[in-house]
Structure formats: structure tokens, C-alpha cells
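Here come two complexes built around subunit A, the first alongside subunit B, the second alongside subunit C.
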Partner chain A sequence: MVINMKSTKYNKVADRHKPFENRIYNAFVAFISGGVVGFLGELLIEVFCKWIQLSRSDAGMLMILIFIFLASLGTGLGFFDKLVTKFKCGLIIPITGFAHSMTSSAMDYRKEGLVYGIGSNMFKLAGTVIVYGIVSSWFFGLLRYLIGGGA
Partner chain B sequence: MLLFNSFLYCGFVCMIAQIILDNSKLSTGHITSIFVCIGAFLDTFNIYDYIVRIVGGGALLPIISFGHSLVHGAIIRSHANGIIGLLMGMFDMTATGITASIIFAFVFSLIFKPKN
Partner chain C sequence: MTLYFDKVYVEESATVCGPYEKKGPLKKYFDKTYDDLYFGEESWEKAEIKLVKDALTMILKKSGYVKEDIDLVIGGDLLNQITASCYGCSEVGSSFIGVYGACSSSVLGLIIASSMIQGGFIDNAICMVSSHNMSSEKQFRYPTEYGAPRPNSATFTSTGAACSLLSNEKSKIRIECATLGRIVDYEQNDPNDMGRVMAPSVIDTLSRHLEDTGRDIHYYDMILTGDLGRYGLDIVKDYMKENYSIDLDNYNDCGVMLYDLDTQKEVKAGGSGPVCSALVVYSYIYDLLKSKKIKRVLFMATGALFSPTLLYQKENINSICHAVSLEVA
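Coming up: the complex of A and B.
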């Protein structure tokens, strides 16, 4: 009983001294930065469609390639980490976060060698996305195949 | 109009993720995994195709679209090859993104040194 009272009191004191985080401001920043990323994606697709006469699906592929390239290059040069800590989910949830996590884990383990460093640690953070993506989409694909009869 | 829609949609998804991140103990790894599963679920009954038609390119960027295109490739291949096609076509549409990010990550980790 005494320990419980102490822990609740401790939690109260700890809550009072937590660094103040404005959640509404964070959500707003994530909305704006994520929106800008989406806007740029659609803009790139329309530019490719109009100027290089690509089909819309090819233009989408090229747009995703450009975003992955920019995120990897920015992580390599070192300024993308600062952007991620500033804009948080606005850059983690788009495909840039996937490329950022792969490049940063590959760079962090570079000193352990080419095979056991880069090769085995590249998917350290991005592996969860691929594993759960594959498992869930296999399950849902099977569901749709069985229900819709492959239609 | 597509430009405005992609701004709203992509921002909305990122805002939801930020709200979950701030108000729970889940890390970003949990949130991206959950979002991929949501995307796979949304494509099961063609809901995400409808979203892509309305929103345009902004719907291809969030990680939800990764689950969507995994299921989509599997379903398209299963028309021709039956139930084995589900396994054959899984990476059909996401292969570009995964291959490109592996190659870029490898090359840039050879070129650049981490700062700290």
C-alpha cells in the first residue's frame, strides 16, 4: 500500500516536470508537411504526363523513385535526420520514411563490414513493414480469392 | 483538383499517425506496420482503388499504399495462375520501390560516412 501511494505520488511529480509537448501543434505540422509531400507527388505525376508523355502508372513509378532517391541522398548527406525530427510523421509515413530508415541503418552499421554490417542490418527498421505487409496481404488476398472466386 | 485532394489526403494520414504517436506508447515502427495492414485490408474490397481515383498521386505516397499494391499485384496474378499466383505476384507492383531503396541505401552507405 505504501509502495503504491509512493508510486502514484512519484507519477504526479514526474508528470509535472515532463517537457511540455504541444500535441495540437505537432499534429498541425505533420498535416502540413505530409500534405506538401502529397502535393509534390501529384505535381510530379502531372508534369511527367504532360512533358515526357508517360502513362499515368509509369509516371507514378517514376515519382516514387524520385522521392526514394531524394530521401536516401538526404539521409546520406545528413540533413534529412534533422527534417525528420522537425516534421516527424509528415516524413515518416510517406515512402520517404521507408527509404530513410533503410539508408540510416545501412550507414550506422557500415563500420562492421560489408556483409555482416550493411548486408544483415539494412532491414533492421524497415523489415517490420515488409514482414507485416506480406503476411497481411497474403491473408487478405487469400480471403478475396476465396470469397470472390478469383474475381 | 487532384492536387488539392492529394494535399488533404496525404496530410490527413500523416496527422492521424502523429496523433497516435503522441497519445499512445506505440513507436513509429508499430504505426507503419499497422498502416500497412490497414492498406492491405482496404484493397481487399477495392476501396483503395476508389481512393486512388479520387485523390490521385497523393494516395500513392503514404505507406498505406504499400499494402495496397502488395495485394493488388497478388490478385492480378491470381486471375491467370490460380491460388499459386497469390505468391507469384506479391511483389509485382512494389518491386520498383523495394529494389530502388535497397540499391540507393547500399550505394549511399558506401559513399557517405555517418556524422556522429
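Coming up: the complex of A and C.
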């Protein structure tokens, strides 16, 4: 109880010195940069469909592969983390963020060897996305089966 | 608890730092600086060990001592099992104590060494601390190449190693007294706002130090905290004024002094890490004391006592602050 009173008193002072975080600006930057990534993705799909006559789903797959490759290469060359710091969620939410998290983890632990380093740490950040991606796809699959009869 | 010393002197110091600290305003005070973060080593952990070895070599060279003259080395850093100190200090061959007080390790080492010298058990001791931005990021936060956005309140772990050689032979600076910190819990839990987490420990230790010694705040020419950053500094000033009616006009923070916060935007609120306070005090502040520009300094190193594991288990981040009073002898 004494400690609680102390903390309340302290928090009152500390709150006065909380630095301003420009969330609206950050959201705007992420919206624009994320939008540009989406636009480039769509552009690639259109190009693949038109010029090399891929089906739309194949074109989408190829576009994702290219984005993963570029993000991983950029991480390896050491400039992608600076872009992410600048454009924030605009690059984290698309597949580029996923690739970035895997490559950066793998790079960080490469000195601990292939098994104990890269193997066991590569999914350090991306593991969460995969686990809950699978869990939610199972859940929505079940819903779809129960409601729509699997159609 | 406040301990008084009358025969503990700072004989020599040595500082080695990385590229970000080199760009800061205190560059000319450091003994050795590097332009990259690997220092010719192949991993971040080994790079930090190299820094420790460099600083130890430097202090032996500057003081004219050989390894066999050193009675004790006290080392501290942020890595798990304080490995940078353990591996880095192994070549000296003297007795070794590894300490962990997070970023307060610098003053913790000074207090332990001072007590042993005052007690007459040893003649001299080297107090070493180190930290490395990348090895800390890897251990406490995200992989180093991961560009996680950080809020403005976040601090930046300094890269470097710093040593102080204490002895019972009279020199220009003496360690006059020390107040040991208590573990303080003000129910803070934001790892991206360490200034806010650690400011309560400064308030606790500072108020107890003044009470124990019966001194006025202006007894000291300068009061320095370790690594609160610019917002933590404001909190301490504001809180001391509001609750203790103490005007801290002679107060600054090493995390703010180590970098140029206006041009070095990447450090956000300021520097942190055990070496942050040591880099500033063992170079710039020792110089000021040696040239008698200032006479008395209260050096308060702050540390956040937590691990990512317990943070994820919803525990608060506790903090501690050890203070040591440095005087012109």
C-alpha cells in the first residue's frame, strides 16, 4: 500500500516528462510506404500476368518470392533495417517484415553454428507469426466448414 | 548505508570506445577510439571482450604497472554470466571479482575496491566495466540487423570499456565516501523508457545520501547520474523539487553528456549501459578534478535490474543506484 502511494505520486511527476510520440505522423508514413509496397506488388502481378502469361495466383507467388528475396538481400547488405526504422510498419506488416525478421535472426546467430545458432534461432521473431498464422487458419477453416459446409 | 574512506585514491584511468561515442562531444578525452563495431573480431561478444582487453592493456601502460603489481580486478558488464569481464580479464592473472549491478556496475566496483583498500586487505585494484551496443541489443532486444522502431524515450547502449585504477597511494583524486543503493520498485515496466524506470532509485539514494552525511546539495560542485537520458533527468529534477524542495541546478546525466543529442538522433533519449557513466567520469570528470576546475562530485550510477524473461512474466523492472563521492585530494 505504501509502495502503491509512492508509485502514484511518482507516476504523476513522470507523466509530465513523457516524450511526445507522433503517432499520427508514424501512421501516415506507414500508410504511404505500405501502400507503395502494395502498389509495387500489384504492378509486378500485372506485369507477370500480361508479359509472361502467368496465372494470377502464380504471379502472386512470384511477386512474394521477389519481395522476400529483396528484403533478405537488403537485410544482408545492411540497409534494410535503416529503411524499416524510417518507414516503420509500412515495411514490417507486408511479407518484407517477415523476411527481414528471419534474415536478421539468422545473421545474428550465425557464429553459434548451423545447428545451435541459425537452426534454433532463425524463427525467434518469425515463429510467433507462423504459430498464430497456422492456428488462425485452422480456426477459420473450421468456421468455414461449419457455416458454409466447406464450400 | 554510507561508507567513509580516507585512504582510497584514483591513480589512473583508461577509456576505450566505439564509433558512436567517438562522434560525441567528449571524443578528445578518450584514450582509444574505434571506427567500426567489430574491432577486428568476428562476433559482437568477442568484440566486447576485445574492448575489455584493450582497456586493461591501456591502464597498465598509462600507470606504468605490470600485471603482477595488480592485486585485484573487479569487472562488470551486461552479457549473460558477465562473460565479457570473465574472458577479458583472464590475461591479467590477478585475483578477480565479477560483479553485476546492470548499468550501476561501475560504481558498485568502485565501492567494493574502496572498501578492500580502506580495510587494508589490498593495495590496489582495477575496476573495469564494459558494454557493447550490438551484444546488448542481441541479448535484451532484437537481432542487431532487425530495424525495430524505437520510441523517443528509448536509450542507446554505449560501446566501450573503461578502467579505473584505485590504490592507497596518494594521488590527485580521492574517493571520499559511498552510499550503497537499495533495490527500488516503483511499479515501472516499460523497457523502452529506462530513464523513467531508474529515476526512482536516484531519488532514493540521493535523499538517503544527503540524510546520512548531513550535507546540502550544493556541497557538491556536480551531481552526475549514470544513464537516465534526457527525460529521466527531467523527472529527477522535477521530483526532487516538488517533494524535497531541492533545486538540482548542479546536476547532469552521463547518458546526455556522452552524445550530442541534437545531431546524433539514433541515440534517442541518450546513452545507457555500464560503460556510459564510466566513459564520462573516468575521462572528462577525472580531468576536471585533476585540473581542480571542480572539487567535489557525487557520481551516481543507475541500473535496471531485470531480465527479458521476467519482464514477459509480467514482473516489474526494479532499479538500483549506487553513489560515490569523488574529491580533489
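The definition used in the following text is that the second predicted complex is superposed on the first by the 144 of 151 C-alpha atoms of A that agree within 3 Å, B and C clash if a C-alpha of one lies under 4 Å from a C-alpha of the other, contacts with A are read in each partner's own complex, and residues count from 1 in each chain.
One rule holds for everything that comes next: contacts are C-beta pairs under 8 Å (C-beta built on N, C-alpha and C of every residue); 3 or more make two chains touch, one makes a residue touch a chain.
Given the structure is predicted, the values throughout are model-derived calculations rather than measurements.
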(request) Based on the superposed arrangement around subunit A, label subunit B with subunit C as either clash or fit. (result) fit
(message) Looking at A:Val13 after the superposition, I want to know if it touches subunit B, subunit C, both of them or none. Which is it: first, second, both, neither?
(response) second
(message) With both complexes superposed on chain A, which partner does A:Leu65 reach: first (subunit B), second (subunit C), both or neither?
(response) first
(request) Have a look at where A:Lys124 lands relative to subunit B and subunit C in the superposition and call it first, second, both or neither. (result) second
(request) Using the touch definition from the top, say if A:Tyr145 reaches subunit B (first), subunit C (second), both or neither. (result) first
(message) For A:Gly78 in the superposed arrangement: first (subunit B), second (subunit C), both or neither?
(response) both
(request) Examine A:Thr103 and indicate which partner it touches, taking first as subunit B and second as subunit C; both and neither are also allowed. (result) both
(message) In the overlaid three-chain picture, which partner chain does A:Pro94 touch, first (subunit B) or second (subunit C), both, or neither?
(response) first
(request) Count the residues of subunit A touched by subunit B and by subunit C, then name the partner with the higher count. (result) B
(message) With both complexes superposed on chain A, which partner does A:Phe39 reach: first (subunit B), second (subunit C), both or neither?
(response) first
(request) Considering only C-alpha atoms, give the closest distance between subunit B and subunit C in the superposition, rounded to the nearest Å. (result) 5
(request) Check subunit A for residues that touch subunit B in one structure and subunit C in the other, and list them. (result) 21, 26, 75-76, 78, 88-89, 103, 107-108, 125
(message) Going by the contact rule set out above, which residues of subunit C touch subunit A in the complex?
(response) 42-43, 138, 142-153, 185-188, 193, 196, 199-200, 231, 234-235, 238-239, 242-243, 269
(message) Give the list of subunit A residues in touch with subunit C in this complex.
(response) 3-4, 6-7, 9-11, 13-14, 16-21, 26, 75-76, 78, 80-85, 88-89, 100-101, 103-105, 107-109, 111, 124-125
(request) Enumerate the contact residues on subunit B facing subunit A in the complex. (result) 2-3, 6-15, 17-19, 21-23, 28-29, 31-33, 35-37, 40-41, 43-45, 56-58, 60-63, 65-67, 70-71, 74-75, 78-79, 82-83, 86-87, 90, 96-98, 100-102, 104-106, 108-115
(request) Over in the complex, which subunit A residues touch subunit B? Could you list them? (result) 21, 23, 26-39, 41-46, 60-61, 63-65, 67-69, 72-73, 75-78, 88-90, 92-95, 97-99, 102-103, 106-108, 110, 118, 122, 125-126, 128-130, 132-134, 136-145, 150
